Structures are given as C-alpha cells and as structure tokens.
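Sending over a structure as structure tokens; questions will come in a sec.
Every chain is named by a letter (A, B, C and D) in the order it is written, and numbering of its residues begins at 1.
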Amino acid sequence: MKIGFIGLGIMGSRMAANLHARGHDLVVFNRSPQKAEPLVAAGAVAVNNPAAVAAQADVLITMLAHPEAVREAATGEQGFLAKGSAGTTWIDCSTVHPSFSREMAAAAQAQQVQFLDAPVAGSKPQAAAAELMFFVGGEAADIDRYRPLLEAMGRKVTHIGPVGQGSAMKLVVNHLLGTSMLAFAESLALGTGLGLSQNALLEALVGSPVAPPYLAAKRQKLATGDYAPEFPLEWLHKDLQLVARAAYEVGVAMPTSAVTKEIYGLAARQGLKRQDFSAIYRLFLERSLERPSGT
Amino acid sequence: MKIGFIGLGIMGSRMAANLHARGHDLVVFNRSPQKAEPLVAAGAVAVNNPAAVAAQADVLITMLAHPEAVREAATGEQGFLAKGSAGTTWIDCSTVHPSFSREMAAAAQAQQVQFLDAPVAGSKPQAAAAELMFFVGGEAADIDRYRPLLEAMGRKVTHIGPVGQGSAMKLVVNHLLGTSMLAFAESLALGTGLGLSQNALLEALVGSPVAPPYLAAKRQKLATGDYAPEFPLEWLHKDLQLVARAAYEVGVAMPTSAVTKEIYGLAARQGLKRQDFSAIYRLFLERSLERPSGT
Amino acid sequence: MKIGFIGLGIMGSRMAANLHARGHDLVVFNRSPQKAEPLVAAGAVAVNNPAAVAAQADVLITMLAHPEAVREAATGEQGFLAKGSAGTTWIDCSTVHPSFSREMAAAAQAQQVQFLDAPVAGSKPQAAAAELMFFVGGEAADIDRYRPLLEAMGRKVTHIGPVGQGSAMKLVVNHLLGTSMLAFAESLALGTGLGLSQNALLEALVGSPVAPPYLAAKRQKLATGDYAPEFPLEWLHKDLQLVARAAYEVGVAMPTSAVTKEIYGLAARQGLKRQDFSAIYRLFLERSLERPSGT
Amino acid sequence: MKIGFIGLGIMGSRMAANLHARGHDLVVFNRSPQKAEPLVAAGAVAVNNPAAVAAQADVLITMLAHPEAVREAATGEQGFLAKGSAGTTWIDCSTVHPSFSREMAAAAQAQQVQFLDAPVAGSKPQAAAAELMFFVGGEAADIDRYRPLLEAMGRKVTHIGPVGQGSAMKLVVNHLLGTSMLAFAESLALGTGLGLSQNALLEALVGSPVAPPYLAAKRQKLATGDYAPEFPLEWLHKDLQLVARAAYEVGVAMPTSAVTKEIYGLAARQGLKRQDFSAIYRLFLERSLERPSGT
C-alpha cells in the first residue's frame, strides 16, 4: 500500500516521517518543495502537485493549515480529487469545521473516493513521538482498515461517529484548549498582581483539580518565558475562528470562546502569532506602549 | 481551647459539626438562629451575637457569605472585635478579596487579635467529609498553632504567604473554577449542536488532558440535569465579582473572567442562582422565551 | 432597460416595488414563488430560476439573506452567471463580507458581467419609503450609470471605493448598530435596576450625545415591548458573524463585536430570533427559567 | 454664601474657577496643595484639610477621583462631616456608585448635613466652559436652592430622582461612553483593515445615525493620533468598574460593559492610562511586541 502525504509543516513532516520509519512507501507533496527534502533523502518520492500524489497512492493523507488549503489541494486545478483517483481513500487530518468535512466527503464520493476526517489532538512533541490522538469521523469499517496506518502516527484512534464528527470533536477540544490557556494566563496575572510568586502559583495550580492536565507541558514555558512554538498562537486563533463558524452554523452561542478568540487575535496583532499559544500570558504583562508608527 | 464559630450555612454548619465531632467545645452564632439547632442539640452553645461568641472563645472562626457580612460580624454594633476580644485569634474562612483580608487584619490588630485568612477549596461534599483544602495567609507560627484545628475540617493546609495571600489564592482558584465550568458548558453545547451525543462528549472530555479534573464530580449533574447545589451559582457569581474587584485594585485585566462573570449573572437573572453552578449549561439550551411580564 | 430582481424578502420586495412604481420593467425571482405575487399582480414578470432572470434583464439586482444564497443564485446549477449573461451588470445589495464580494466580482468578470457591491443602510421602513442609503463598491463610471436606479430605491448613494468596499462599509456600520443596541439594552437594564424609570432613561438618553441617533426609531419598541421586526435579530446576528469573519481574514481583533455576537446568538437560541434586534433588551429582564425539556 | 470646594484636579480646578469667576467666595482644599495656588492667587482661601473647609463654608462641593477619596474627605480623620458641619449642605459631584451616594447621604444626615449627589456629564473642555451637565439626586427643594450654584459651572441641571439617582444616571451615561468608544475603535480597525481609509471612515461614520454625537469631539484625536487627555483612559476604566459594582449589587448582567472594562484595563496596563480614553484605538494597531522585561 502506497501512501500519499500532502502537507509537510510542523505536524505533517513528523507524521510522514513516522509512517516512513514504520516501513510505508510514501509519495509526498508540499507547496514549498524544500520541506519535502528530508523525506526524499530518506527514500520518499516527492511530486509537483496533489494530482500527481493521487496518481501513485492508494491512500491519501492531508495535513494542511486550514479549510481553504484543503479545498485547493482536493478540488483545485491540480487537485487530487479527479478521475484517476477513483478507488482510493482520503484521510484528512487537518483541523477544519464539520460542515467542511461533509462537503469534502461529498466531493470525494463524487469521484468514488472514500473519505475519513481524522484530525489529531497533540502538537509538535506528540507528532514527533507518534503519540497523537486521532478523532475519526466516517464508516467504522473504513476506520478499522486504516487504523494501523493511524497508529503508526499516534497512540489512540477513536471512532467518534459519521463523517464530520471527528472534526466536531477536534473543535470541541481546541475550544477547551484555547479558553483554558487564556483563563490560566489571567490567573497568573491576577495572582502575581496580588503578590503571589509565579512559581508558587504554578506549583499550586498545575496538576490541581481546577487546571487541565495538559498545562504541565506548558509550565516550563510560563516559568522561563521561552515560548518556542509547539502549537503556534496563530493556529489556535484560526481554530477558534473555525469554532465560531461551526457554532454559528448550528445556532450555538459561545461567549467565552468568542472573547477568547479575539484576545488571541489581539496578541497575534501585537506580534505573538508565531510563538507558542501559551505566550498569551505575555499580553497581560505590564508594559509601556511605544507609540506605533502611522498613528 | 474553646472555639467560636460564626456562620452556619451550607459550608459552616458542616465545618462546625466536624470540629464538634473531633471533641472541640463550640460556641456558635448564626443570623438565622434555627441553623444552630442541630449543633446545640449535639452540645454546642449558641449565643445571640458575634460579641457574645468572642466573650467565650479562645479562637474565632468565621465562614460568611461575603465581605460585608464579615465586616458586620467583626466590626458592626455587636461585632466580635471589641475590647474583650484581646488575645484571641480570628481565622476567617470566608471567600473575600485580599485587600479586605488586610483591612480586617488591621482592625483585628487594633484590638490585639491575631488574624489569619484561611479560605477553603471544596464545596458541600468536601465540607461534610472534612476534606477541604485551606489556603492560609498569615504568620507561619500562628498557622502552625492552629493547623490541628484546620485539619479537623480539611485534609490539606497550605501556608500561602502573609495576610491576604490565602484570599488571593482562593480567588485565583475560583476564577479557574468559574471560567472552566462555563467553557465546558459551551463545549457541550457546541458538541451536541454538531451532532455528538452528550454522553460521548462527557466520556471523551471528562478526565482528558484538556478538562480540569474537578469536572468528574460534575459529570453526573450534567448527564442527568439534576443541579442540586453543592456550590450555588450565585456564590460563584459573587466570587467572580470579588475577582474583578481584586484585579481592578492591582491593575490586572481579565477579559475572560469578566465576561464569564456576566454570563453567570445572566443565568442568575434567568432563575438559576440557587442551582449548582454547573447549571450554567442550562443557559445554552435551546428554548422559547416566554414573554416576561412587565415588558 | 429591463431590471432583474432576485430576492423578495422584507427588504427586496419593497425595493423592487419602488423600482416598479418608478416605471421600471421588472423580471423577478424568489425561491418561495408566492412572494412574487404582489409584484406580478402589478405587472412584473416572474420566472422560475435565476438563469431565467438573466436571460431577460439588462441589469440584475440581488437582495439575498447571506453569502451562500448569493453564491447559489449566481453560480449554482441555474445561476444567472452563465454564457447568456455577458454584457449585463450585477448589483449585489445583499450584506456579505468583502472577500466574498471580490470573489463574486471575479466570477462575474469571467462571464463578462460587471459587478457592483451595493449593500444598504436602513431596514423595513426605509426600504418601503425609498430612503435607503447605498454603500457602493466598484468602478465610478459604473456607479454613475446605475445611480438613478439606486436612487429609485434610496435617498443616498455613496461610492466607497473599489469592489468590496461597499460591503466593508456595510459591515462596519452593522457592527456599530449591533454593539450599540446591546450596550443600550444593558444601560436600560442597569438604570432600571438602580431604580430609574425606563421612561426617564429613554427621555434622558435617546437623542443625547452618548446615544446613536438611530435609537430614536427604536424608542417606541423599547417603551412598549412590542418588538415587531424591522430588522430581525437573526439577521443582525448573521451580519456580526460576517464581521467576525472579515475581521479574522484581515487580522483585526474585535472583542466587543465578538461578545456582542454571542449575546445575540444566546437571545436567538432563547427564542428571540424573529423579533426586532432591539428585543435583545428582553434577554436582560428578570425571569424564572422554566426547566427546558431534555435536560 | 461661602462655598467650600474639595478636589482640584482636571475637573475640579475648572469648576471652582468658574464659581470664583461668577463672584462666589471660595475656601478650597486639595491633597496636593500646589493645585490650589492659581485659585488662591485669584483670591480664594486654601486650608489644610477637609474639616477646615467645613468650618468656614455654608455649602461643600466635592469633586474627587473615586469613592474611597470621597469617604476619606467626608468621614476620615480630618473629614468634613463632623460636629461643626451641622446645617451645611454637601454636593458630591464625584462619579461614584449609587449605593455609595446613599451611604454618604446617611453619614451626612447623621451630622445634620443635607446631601445631593450631582455628578457631571462632560470632560475638561465642558468644565472649562461651564457647559457641564449635572445629574442630581436628592430632594427637589434642595436642588432648586442650589441650582444657581450648579449653573455657574454648567449649562443644564437635571433632577433625576432621590439620593443616588444622580449617580445612577451618571454610571449609565459612562457605560454608554466607554462601550461606544471601544466599539468605534474596533470599527476603525475593521474598516482600515478592509482597505478603507481612516479619513473615509471618520467622514462616513461621525455624525451618522449609528455613531453617538459626542464622537465629533474625538474625531481630531483619532485623525491625528494626538491623545492629550480630556477624559483620561484610567478614569473611564475606573467608572466602568463602578458600573460593574453597581450592576452586581442590583443583579443586572452587563456582558458588553464587562468585556469593555477589561479591554480598557489591558490598554491601561500597556501604558495608555494617562492618555485620553479615545486612545483605546491604539490598542488595536498592528505592532511588534517587544519582549517585556521579567518574562
């Protein structure tokens, strides 16, 4: 079975490398071709466009930045959903909104391509260590067939429900991720403002009943102020925009999520977009606003 | 050592009962005297006002609803901070803001009364089971002296720092409690709106890295819709108002906390104030707004 | 010059009637055909799909509920952007986001159709009285050519800039509309809560320096509680979602707008979506939340 | 009739100067005594504490920064509410919350001092030009007696209702002021982000039905980026905190107001507190966040 892999960013490059390391044949495409070089050096085949991936692969995996990038790869001028792709299966690991997953599933079906939405929980370290968690939407039989493939990249594969529900669960999770990180940043700002030491706060709160366990992995960043990105702030911001869109589509109000999105947006605008999303804490630090140019 | 206990609500009545059960002599006061009856039946002495408590006790514990109630009990017309109280120690377990704790400490010191702020983490079940956690502000020597007393009511006593820092830590914790519960309610609303079952969501999220562990204790309420209060919504709303006040006093911005406070406020206004704070989920359920009277 | 008019809802039906009343020949389409009947009775021609409109008209006007409806009318299976439409001009009066206007302009250009985005300020009464204001994006020459047409439906036609900028200005205006109405509702809730009469508040605030002048037109609704829709709450909610999307696309943070959107969303979910958007005030009235079914 | 004036900041100094210019005898006090010098040079008498003001004056006017400052001036160690003050009238022009006004009225009454709450609408230019608007709470007869005094400082004196209702109306007004300024800043950020010029936006929006008229007075600041304070951002932030407190006290939810407060708080923390509150626009400008010291 030959695997086509489209999208070799922070996440995709590590996921593809894990597939390759476990003996899978890979044909890959990335818009910036130099990102494919390490894989090619290791024996993968790189091609020039998504359609060329489909021509060689039995199963296609996409790991792209946003719905528009997925649509372009799938149905754009050189998209992989074309006549020649009939009979293949497409597993979309990108974070997108559920109605988009269903739209893509319909576009796939029109070309006799099976579709699974299989977004992941986890960021750079989990991608590298093949410890991602997959939330999968689609037919149980399809998922069982491709479970070994997903397990080559992660440690848990959960069938959530029909197409789109993998994406739904992913948005739910990232909403919790984004809101809790901001709330935690506010708690540090409050606590230190009230005279507690940041260390005492981290000691008391991380691992406590009121803080989500994933914060343990962010403690070092908050303690040292080194926000090298595992999950860049601008991606979380993007995911919260997808949450807002999905919530609107189904008529659900999410006031906390919405204001959280805008606070990350403000941080992005103030220069934090490429830092880890835990750098949102920096937005709350006291500082003297230098006069920006222009106004 | 005779203990005076002022404030016998959901929390205070259980805390006092635990002190009594562990052999401490109690003199108690509650504004509504009938709440003292079970303790009196068990052998405690009830008196008519806070000053009368101070006249008989070596140490005073207050567990009251808000700063104004504490101020009235301490410095009101029949308050316990009066000439006769010199030499006693006052342990305030109420949730208040840190500057208020410091104000009370100063008022106590003026009457030669030692002061500790010792608010608790935990709600009704933890109060009943003597499993509260105490965040204590004050002198280390004072805290060590009264540690056995606090341990009769809880399972962990942490010295946070000087006077006021127990209150500071408590506000930090309740900010996290309130924001995470609302964010979780939004995640359930989003997930069910997107077609996931509530049960699948609770199964996937409770106990996961992105959800605070305390939610396990709320799962049953969310699953059944029975929101019998452990920590009433109106109390959390009050605590978030104290958070907002404390944050303002030290110049810290807390956008998520602020909007969260108002959403609980809206829920309170719509009739949920005496349900458990996890009933905030009900605010997000679809419904037909009946025309309220008046307008 | 024959005018095709697509979309005969609250706004479109009145705008088309004004065109007809000023002597223009009309060919119309609405998805629910019975809405075309009054115009047909007055002499307009109704057809069965958007393509059939294009086949007969020199200029096409669309007034539809949201971008997806516009896309379907323009480029769907029986869309009006097809071979036969070359040489016509399409004026889109719908409220959409600017990038969508540009996308439609490109689709139009591909069929040699001129495009103007010309959304309107004003609601039902202004549509009826031909007192709408048009914010127009496109080429100045095109706008001048169709100015008389727009003036048959409104009292002011402003050329904002190139394609998409009409839509941009419209979103800016509706952001102000939505945020100010909610803030005003909050001010009435606060004032009456503090003991001021609603009448005294309306008297003091409407027409004052701190309230936008349009509120004069909402005063009667607020005073009587009769929220018959001029601009339904669900439309404003939709527009704020477009604002959020447009803001995200250009990297602008809008915390007030975002939380406002969710509060309207909550009101919509609580049964207010088909009332005038000023009914947002009802969300803040005290009430007893009846137990919703299900949970 | 001798007038005592306490509080000679941006507003108070100008108000006192207008009283003096209209022939009233003044005895003044300000915590930083040098602020009294211009008035003393013009013939006013300066004294060393509030009690000394009361000893010489028939009517006392306070114009102080916040409730705590008012409480200190009135009931502090050298406060003006003391035995000697019986028979005088106290007019508090400070912006405070209504329950505080009622608390002060009670404290005044205990010393046989009449109390009026008379906060003002208007900032530095209106104070200078004696064009303030007074919202007055208290007895009609008292207000009529002192109307000429207030009219020496302003152009409109409105009796709102009993004690506290002047303060209530003031908070309502400043809630509208703060929320609308932030919403307008967001609209400029959105519009310019979407490619409209700031000038086109100001031209289209200021004076339009969707913008409050007071914005005309802020247009120059927004256009030039010179935010010399008329109404400093930190004062508005303080007023919104009073709004939040008053709303909490009466059980009213104000989500927009709350998030707005925190955004001003963030701006204050980022160095904008002493600029005009319209400088909130600067928070939304794109910039590169320099690494703050510490973390």
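Keep in mind that, in the parts below, a residue touches a chain if its C-beta (ideal position, glycine included) is under 8 Å from a C-beta of that chain, and two chains touch if they have at least 3 such contacts.
If you're wondering where the values come from, they're calculated on a predicted model, not measured in any experiment.
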Checklist line | Partner chains shared by chain B and chain C (touch criterion as defined above) | finding: A, D
Notebook entry, point to check: When you check each chain against chain A and chain B, which touch both of them?
Noted result: C, D
Note to self: Report the inter-centroid distance (CA atoms only) between chain B and chain D in whole Å.
What the structure shows: 35
Notebook entry, point to check: So, what's the distance in Å between the C-alpha centres of chain D and chain C?
Noted result: 39
Margin query: Centroid of chain A to centroid of chain D, CA atoms only: how many Å?
Written below: 49
Item checked: Residues of chain D touching at least two other chains -> 247, 251-255, 257, 259, 263, 266, 269, 284, 286
Next item on the list: Over in the complex, which chain B residues touch chain A? Could you list them?
Entry: 98, 121, 158, 160-161, 164-165, 168-169, 171-173, 175-177, 179-180, 182-184, 186-187, 189-191, 193-196, 200-201, 204-205, 208-214, 243, 246-247, 250-257, 259-260, 263, 284, 286
Margin query: Could you list, by residue number, the parts of chain B that touch chain C in their complex?
Written below: 198, 225, 255, 259, 266-267, 269-272, 281-290, 292, 294-295
Next item on the list: Spell out the part of chain C that touches chain A in their complex, as residue ranges.
Entry: 241, 244-245, 247-248, 251-255, 257-259, 261-263, 265-266, 268-269
